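Mind looking over this structure? Questions follow.
Note that the chains take the letters A, B and C in the order they are written out, and that residue 1 is the start of every chain.
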Amino acid sequence: MDNRIPAVKLTGISKRFGAVAANSNVNMEIYRGEILALLGENGSGKTTLMNMLSGIYFPDEGDIQIDGKPVTIASPRDAFDLGIGMVHQHFKLVDVLTAAENIVLGLDGKLDLKKATKKINEICDKYGFEVNPSQKIYDMSVSQKQTVEIVKVLYRGAEILILDEPTAVLTPQETEKLFNVLRKMRDDNKAIVIITHKMHEVESLSDRVAVLRKGEYIGDMMTKDTNAEEMTNMMVGRKVSLNIKRPEPVGVKDRIRVTNLTVRNEEGILKLDNVSFTARSGEILGIAGISGCGQKELLEAIAGLQVVESGSIEYIEDDGSAEQLIGKDPRKIRDMGVSLSFVPEDRLGMGLVGNMNLADNMMLRSFEKGGSPFTDRKAPYELAKSVVEELEVVTPGISTPVRRLSGGNVQKVLVGREIASAPKVLLTAYAVRGLDINSSYTIYDLINKQKQAGVAVIFVGEDLDVLMELSDRILVLCGGQVSGIVDGRKADRAQIGFMMTSTGGNNE
Amino acid sequence: MINFGLLIPKAVVQGIPLLYGSTGEILTEKSGNLNLGIPGVMYVGAISGVIGAFFYEQSLTKTGAAANGFLAVMIPMLCCLLGSLLMGLLYCFLTVTLRANQNVTGLAMTTFGVGFGNFFGGSLIKISGADVPSIALSTTSKYFSAGLPFAGKLGWFGKVFLSYGFLAYLAVLIAVFAAIILKKTRTGLHLRAVGENPATADSAGIGVTAYKYGATCIGCMIAGLGGLYYVMDYACGVWSNDAFGDRGWLAIALVIFTIWKPDISIFASILFGGLYILYLYIPTGMDHMELQQLYKMIPYVVTLIVLVITSMRNKRENQPPASLGLPYFREER
Amino acid sequence: MSNTKKHEPLFHIVKRDSMTFKKAVGIRALAIVAALVLCAVITMIVTGENPISIYGTMAIGAFGSVRKTWVTFQNVSILLLIALALTPAFKMKFWNIGGEGQVLIGGLAAAACMIKLGGKVPNGILILIMFFASLLAGGIWSVIPAIFKAKWNTNETLSTLMMNYIATQLVAFFTVLWEVPKGSGKIGIINQDTNAGWLPNIGSGFSGSKYLLTIIIALLITAGMFIYLAFSKQGYEISVVGESVNTARYVGIKVEKVIIRTVFISGAICGLVGLLLVGGINHTLTTTIAGGQGFTAVMVSWLAKFNPIIMVFASLLIVFLSRGAGEVATGFGLNQSFSDILTGIILFFIIGCEFFITYKITFKRGGHKK
């Protein structure tokens, strides 16, 4: 195979952001008529590498060849000119413009939207997309927006297509549709790169797999010659036998009772539909589901951050008396004596303040205590010191802004603060996302300790293997509905996977 | 009863500087730059034109030559455009290249620009040795304020439509042109994209920096012409310090009032011009002169109401450009 | 390098991780020195004097006599007070550029009390009423845009700007209404005979007594604002809301309440400045009583990176320039606007130098780093 001229050849590519090496010395090839899956954990540098190919970033070192010719890609414009198109995970669309206007954005020549519309419709017919060229982006669903992105890239005549985690936001049906389109394009002799960390997608779609780990290129192989286990090993660097401890639950009591909870987001879209379950003390309740299925809304509703349309969320005291949490903000919930901690998904945008130092971040939860109009600076400082010591946070000092810490250390600071208040309920969203293996295990241990201390833990996760090894029970969400609750010790991967894509066994 | 035949031409001449200012600022804001330096830019534009005209007239006096209509118009205009362009470049250098805070930069430019105008105005007054605190550039000004032919012969029609200097018609042309550019052309589409979402525009291969520089500098030059119109036509070539007043801020208000549309601005600026002088035409009687001051408040109150209503209705098309006021850095993480 | 490698960027810009405090101060000092040199050169061209004597003249303008020195400190105090007033709002990322209007409205309230109540209530009570009226008026004036912001996310830069002009016209309205004598368009000195509502001089028998009140109030509020922002619970809430509204909601801070409360404080202090200007310094009300300082203060607060202590020096620098340039202007027969040009130049330099504190430039393959 190696006498083909690669469509793209990367040699010795390195890129640093401040002290962090996002990519170091990457050598990689991309071929036409082939779907390449670029595989790697979160933070392994997949997106950064592809951003350099699409002109968003400029490499610190290294060379790029397109069709055997050395090139410089200094801007996205250069990338188009070379036939490279990328569909980013966060869509690059202008909300107030129409689909057609977005698609022709950045091209040269006279603006002729009629002609453009015609060409868009041709592309749609060829590959089977459905796009209304005159629809405004802000009126579109996520999958419609993604379609616009792909059409945009094709409209420009891209020969080399890069898709960054395209399925994260799609339903299974939409995913299958997308894959069919991608296969058609491959047969059209285009070079296609799909960034992902979902094994089954790699297996069902790609021809070849390339693996990145911690910014380094580990290697590639033909998909048909490998298997999920080998790929996972390459991805994480050692054989994964996760072996997360799962102590037996003790003193199990009902703690949070959610009944018929229905939530709509600001745009009026139904995010949670008649959700009911009970979380118990001394137990970890895992929540599984493809991202955006209502996990965020569920946790935020319990934490008092989400407006609820109907239903009830009750906190049950040890003596069995229940108190309604709906309609109360976090402060009121705290004032009621309900000790509830929340490790949100967006660590630096919600859980912590990036520009504040460790001590000031500790203060977020406690600054109101006491009657004095002034803040108590000493206790948070001590708390920060003990969190740093106990959780082995790597930081230059207590007065360092947390945004300068690495992802794992940021999370330790956040979790450390949240468990410091000895909560009765602990909500965590994607607690190990972007963390290295060691930090992840630290977090699992912390969560397990909370469980053993009698805390009711609700753990929203994305990695099924982790969920199945850590949780006592797993609640599976699909499109805002509960498709079932299974025992974590007896759960079966395929069963949960099926539940994630279909409510209660009913296909949509 | 208000005499509209009389009021409209007055409203138009009041409105033209506002139209220049708002058209310039609309283009600027469409690129995501909130240039609060527009009042300063208009001062600089005006004084640059005045300086050009002043030295041209001086050279005429020295050589005894007769004024050449072409030079009398071109010299002040080019000076004005150059002065405003330099201000635009300064603003862009600080906010786009050096990513400085736009509000602070704009306010500093206004301080500087107004000071610059008044300082050189004052200096010219000294050079000319006049005994009143103003300079009169009547020779060049008459070329600016000449109305169209037949204006006098066509009664009210001539008065309402044909009686203005060429810069007034140019203002309308520029506004129409700007509206077409924004709505119908690729350049306009790209400009809107830059102001809405520079990261997206950038990844689409649009030169964000170039568009920001371009729109802001052209915007400043257009705004500068508003200052030029004010001295050379409206004020008949008489520069006196601070006479331009707060029209620059009113132009910024107009941008909001017209929800970022230069074509609406043509009418809105005449309306604002009318409101600006309405107090002169509403009979208050000698006993209630103070009411005039309340009438002068109307443009600002109306603008505030428009601003609040558009944010309440939250219709996406009527919002300020989404990245207005924010610097753009491609590698921000 | 092969020729297909076109337009490789010569340098590129990266965000700095952090910079030592010393280095940051050094860069700013360098910028100010460079600006002062440029100012001197420009002044030299305009006046023909050598730069040293120009700065000599400027120093004389600001500190040349006991009276001048007192006036300088009084002006610094006023500018500083407005900057302090705006700071809590700025820290919350609420871009209140309505200081001008809030000062005017505070002054209007004070003047109204002096005119309507002068002689009718005891002087002490009058001053107390004026105090509350001014604070309340300034506060309410600033809270109007804050409510719009909190409720509908109305762009506050634009709305506070409009409020300035509405305030100006309101003052113009009352100026005509209360004009003395009729037809003059001016209010004139209020209560010239009775001195009712005039703020007291502190101490007597020395030259500074009539300036001291403003200066003392400015010092008190500087200290107060520093403590408020750095150590109080409300100050902490302001920082959190400014950094991230999401985080604030997450810990249960009522964001709307904090916005409105903070902006009210901001406006109330502006109102206090109005009181000082009308009741203590000018004893009259005009539309230009704030003199554009509401805008200058925005720059002062920002230049000081919202630190009240640094603001003292920033205000001093600006006032020194403006009074010094005024002296240069008088001495050489230029007009007073000369100081605005110099202020502008200094500001441009300081604004520009922030870039080198936040970012660093790396030259590609040239090997040398800056």
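Note that contacts are C-beta pairs under 8 Å (C-beta built on N, C-alpha and C of every residue); 3 or more make two chains touch, one makes a residue touch a chain.
All figures in this text were calculated on a predicted structure; none of them were measured in a lab.
Comparing chain C-alpha centroids with the centroid of the full set of protein C-alpha atoms picks out C as the closest. In this structure, the chain pairs B-C and A-C differ in their number of contacting C-beta pairs, and the larger number is found at B-C. Once the centre of each chain is set as its mean CA position, chain A and chain B turn out to be 48 Å apart.
Between the Cα centres of chain B and chain C there is a gap of 27 Å. Chain A and chain C, compared by their mean Cα positions, are separated by 45 Å. Shared interface positions of chain B, i.e. residues touching 2 or more other chains, are given as 331, 333. Within chain C, contacts with two or more other chains are made by residues 12, 14-15.
Of all residues in chain A, those touching 2 or more other chains are 17, listed in ascending order. Against chain C, in their complex, chain A makes its touches with residues 17-19, 58, 69-72, 74, 303-305, 329-334, 342, 344, 346, 349-356, 360, 363-365, 367-368, 372-375, 377, 404.
Taken in their complex, chain C has these residues touching chain B: 12-15, 95, 97, 148, 152-155, 157-159, 161-166, 168-170, 172-177, 292, 295-296, 298-299, 302-303, 333-335, 337-341, 343-345, 347-348, 351-352, 354-355, 358-359.
Considering their complex, residues 184-186, 188-190, 192-193, 196-197, 199-207, 316-317, 319, 322, 330-331, 333 of chain B touch chain A.
Those residues of chain A that touch chain B in the complex are listed here as 17, 54-57, 75-77, 79-80, 86, 88, 92-97, 101, 104-111, 136, 138. For chain B in complex with chain C, the touching residues are 34, 36, 90, 93-94, 97-101, 103-105, 107-119, 122-123, 126, 241, 246, 249-250, 252-253, 256, 289-294, 296-297, 300-301, 303-304, 307-308, 311-312, 314, 320, 324-325, 329, 331-333.
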